[in-house]
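Listed below are the structures to be examined.
Same chain, two partners: chain A is paired with chain B first, then with chain C.
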Partner chain A sequence: MDKRIDVHHVTRVEGHGNIVVEVSNGLLKECRFDVVETPRFFEAMLRGRSYQEASHITSRICGICATGHATASLRASENALGVELSRQTQLLRKLTFHGEILDSHVLHVYMLVAPDFLGVGSVIPLASSNPEVVLRALHMKKLAGDLCAVVTGRHTHPIAMTVGGFSHFPTADELKALRQRLVDCRIDVDATVDLGATLPWPNFERDTEYISLHKPDEYAFIDGEIMSSDGPTLPAERYKEVTNEFLVPHSSAKHTRHRRESYMVGALARFNNNFEQLHPRAKQAAEKLGIKPKVTNTYLNSAAQVVEIVHCVEDAIQIIDQLLEVGIHHEEPSPVTLKECNGVGVCEVPRGMLIHHYWIGADGKLTGANCIIPTNQNIANLESDMKALVPTIMHKEHKEMQLDLEMLVRAYDPCISCSVHVLKLESK
Partner chain B sequence: MSTNGKPKIAFFDFTSCEGCQLTVLDSLQTHPELLQVVEIVQFREAMSEKGEDYLVAFIEGSCTRQSDEARLQKIREQAALVVALGTCAHLGGVNTLKALHPLEDVRRYVYGDLASHYETYDARPIDAVIKVDFAIPGCPIDRDEFVACVKALLLGKKPPIPDYPVCVECKLKENTCLYKLGMTCLGPISRAGCKAICPSYGQSCEACRGYITNPNDSSMRNVLAEHGLTMEDIESMYTMFTTYQVQQKLMQK
Partner chain C sequence: MVETLVLGIGNTLCGDDGVGSYVVEELAKHALPPGAQVQDAGLPGWGLPTWLEGWKSVFLIDAVDMALPEGSWRSFRFVDERYLLQEEALSLHQADLACGLALAQELNLLPENLYIYGIQPANRTPGSSLSPVVRACIPELVTQIIQDLGKIE
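The block that comes next holds the complex of A and B.
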């Protein structure tokens, strides 16, 4: 049998990618995910810019994970310069980070993935047929966005986070109001778990390596060690031993591999590696969704995102309680002493592990930058999944086969404009 | 046009972070009724259907390669109105920082020996390639301004974009001027409409919305120098979003 699937610019994903699959005489000849996004060149553009600007420039790598990039950027500069953060700064950073995870996961589950399960091309027809579902998603996104706005001004391209601290602080009243809204949101969160439990997740199993950040006593989003489900766990500075990036001709984004031909990052990898650190309510949600580590079905990445939605709401409430207990204080950012240095910042943004590595000159200007993006790390795994999936679906009608492949791509929640952040190797 | 009285609109993205389109989606949180008054026929990030019979095209992102020019021209041929959405499309934006380095050097730095495989040229606003009817500025756009602009366009009016400086909005909010706090800011020559969000959160305005008509650029530079900025620092402030305008000497945007 001969079949060719060519999807130009997959819809309902962030960024531009093409699916190319060709089956000839029943054998798989071509199976690729081409990243055709225009190259962005951020690493090259960061050179010569002040370390204080780096987080504001790099947040523009991506609209969905802007806060994530800004955070990784700040951590890279702070680790390079040896800047310590106050407890308040760390809590505020975690709080706004949760806001972004929530915003992104709700967008992905409700607006990018759910339409496929409900047989429609987008969330727009759902606004007429299932308005309560759409309004719930918008309501949750609004809370997530407002959470970020209170702490940093806005989630897309945060303003108030700066090296060593913040340039603006929320009031106790603002935090109390958010806390109440988060508590009220539990109804929407539970409804999201119920929705997740009814969605007909496709059956697809392929064991792979799962890589994420790890901390012993919290579900790691900011900082941590790099953990692989195949072992070992390494300090973040040794990231290159894990990522091993390489260029492929059909993609403007690099691929990565560690112990196997590919590995996966993202909510599923975090869920598999850090299940113990989840909030109890999140663990209950996992039970309702019927998932527990080790999950090896890529499509369940979105189910793991639902579990994280539960976790982030609960953890945000706890963080606000901790902040209110001691009160918010206007603090100057921690002082900085310039020197030639380099440092690594790591975060788990919605789609997976993000690494920013900066080299800073004695004048405070960057001389080099390296960014390893979650989606870069997933592309090789996506192609491995495609190769495993195609033989099982090639007997289907063309349209059905195409949809299965598109759903596989969407399951990764790829952030393609981010992934063309190819890196540079050395600064000097 | 349409048979149900709703104008058909479409969203396109070029080289961008897609943050402006995400802000468009976020505007539905406060204005879900927007979906009742327009028919979205193409919006790759949010929907699978692809209609080509749009009346109004919103374009996010700058043009950073030769082959994108044809795509822009095709959109211009189809749409009665082309609206630049956000700083990248309007001014070139952060993408234009690339022009501060020799292009060949940038290509080699990122892609090494495979540099020639990846097509790129100097990033530019879309009106360097096609005629643009209106622009909604900002990095990202302000969602309230977006809603106001859509309302105006639906009523056949020009989108209400201010032509006075950010300082006006800071004063209306009773912010303490950043200059009084020992900082500097491009507010005096930058276009308002963002509610002075950056100064309100303790950061300098860096003109992501572009400059007002006939900005007093020389006085602005004098003020910055008087407040301790070197020539290099001043160039940094000006080039964060508007490298293209600085290099092309287009301070009227």
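The block that comes next holds the complex of A and C.
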């Protein structure tokens, strides 16, 4: 049996990255994004643990994408074991997933990106100059967290999701209350689109390969085939033909490449590949923001996140309607028959395509695991962007150039929150 | 009716940093004055203001490095000791709590009465258990919080 035993360098999602740019005599000498975190060995931790524990362990890879990791983990085990999911389970999984996307995107757009555009250093002075903007963001974030808590028992690190189903179910009244809050939230969503439409997005065009999951009948967040803007579309099980992980000396995070030197995952890739499957109100938001596929300006990844905020709120309302129509009911998780097997689980977490691949022994314990995280997939593309951007901005003042580069890194919404705090920029 | 929120803060996977969660878990087993509620915020970060919003009084329970003997605790009014929050390494997740409070302050969402109950941690390494000396202070702290809840007007 094919076993994945390489446990190095994969699952870092919080931590430190450095921008290192060196320009000498008007020539770009050095241009790197260093990831200097130590490996966290989550895949090694999974070996010998029951498939039932895997989602709770891997959920801890990230405090933002906890539901995403749990979902990819469950889908890996379920695909390995041949577990079919009920309609209710699928709807509840999608609903809580929307909550997490909403939470993460609101945090990124308002707390991390907006301060750059509004000329303030962080969210604290933003709260002073534009308190209504920050309050709006916090209220949307709270709603998103409460949605996750109602469906999965906790704001972060879901406890009610299990292989084959759920161990706890929201009541109809809880769902109705959530629905009302989501409907009321449309005012905040519209205001978010209006805000996005006024932001002076930097001009920077560089076409790259955009990779995301794809489903013909819905905007893919959970499951689907792997779609490349360069083609072709591949089944998720053949992910290695897409990711082609490789090591570089300056980064403890693996890099990836497919048909070009690098590719991009995340909201912009999804927007480019799956525009047709967006909710009509999300398409209207895109029009208001002035974006339509194919968008090749990386900075507009945050604008694509705004479009997804609209989609998630609207789709969450529809999902709740479907759940209420049938009636939410207790059901046991789908039964599992143990066997030696392996399976791949994929989803689109806020920052892009996430892959979990598990090998499970006949005793139900994992013998191997492979997790490929979106930020890793984006690092090579970020470096390609930096190399294209620097020559166009090297005439600028040191401070402006630094800000442009920091904003480029932030546009990827990398899950290495401190990456731009240790920025080192040398102009000679 | 007195409306007071007792809010535990901290990471239960990080040793004594999780003491706030353990204290509110213990408190929830006791009869509390009408209008008092107990919640566990975990690591609210920037989201802290919406936890505080709408409450007249809030007690925050958290591990705080106050250079006191391990396992000792003290309570103070936020307005009296605000400067402490700007010190380095006051709390194990200083940036989170300090930033959350600063943001709440900017947004005018601080409750009229905000008290912080700080417990001096002994062990900050990853792990899901409290050190004995910190665990030992919980009963006394719980008794004091219940008494203080009764005094809030």
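Just so it is clear, the second predicted complex is superposed on the first by the 400 of 428 C-alpha atoms of A that agree within 3 Å, B and C clash if a C-alpha of one lies under 4 Å from a C-alpha of the other, contacts with A are read in each partner's own complex, and residues count from 1 in each chain.
Throughout what follows, a contact is a pair of C-beta atoms (placed from the backbone, for glycine too) under 8 Å apart; a residue touches a chain by one contact, two chains touch by 3 or more.
No experiment lies behind these values; they were computed from the predicted model shown.
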Chain B and chain C placed together on chain A: clash or fit? clash
Inset, instruction - Scan A:111 for contacts with chain B and chain C and give back first, second, both or neither. - result: both
- [ ] Answer with first, second, both or neither: which of chain B and chain C does A:123 touch in the superposed model?
- [x] both
Checklist entry - Looking at the overlay, what does A:63 touch: chain B (first), chain C (second), both, or neither? => result both
Does the superposition put A:159 against chain B (first), chain C (second), both, or neither? first
Comparing chain B and chain C in the superposed model, the one touching more of chain A is B
Q: May I ask you to decide whether A:371 touches chain B, chain C, both, or neither, giving the answer as first, second, both or neither?
A: neither
- Considering only touches as defined above, state whether A:40 meets chain B (first), chain C (second), both or neither. first
Let me test your reading of the model: by the given contact rule, A:141 touches which partner, first (chain B), second (chain C), both or neither?
both
Chain B and chain C footprints on chain A meet at residues 60, 63, 107, 111, 123-124, 127, 134-135, 138-139, 141-142, 145, 156
In their shared complex, chain A is touched by residues of chain B numbered 13-23, 25-26, 28-30, 32, 35, 40, 43-50, 64-65, 68, 93-95, 97-98, 100-101, 105-107, 109-111, 114, 117-120, 139-140, 197-198, 200-203, 236, 240
The chain A residues in contact with chain C across the complex are 60, 63, 107, 111, 123-124, 127-128, 131, 134-135, 138-139, 141-142, 145, 155-156
Chain A partner, complex, touching residues on chain C are 13, 42-43, 46-47, 49-50, 99, 102-103, 106-108
The chain A residues in contact with chain B across the complex are 9, 11-16, 38-41, 43-45, 47-50, 53, 56-57, 60-64, 66, 107, 111-112, 115, 121-124, 127, 134-135, 138-139, 141-142, 145, 152-154, 156-157, 159-160, 162, 166-168, 247, 249, 252, 417, 422-424
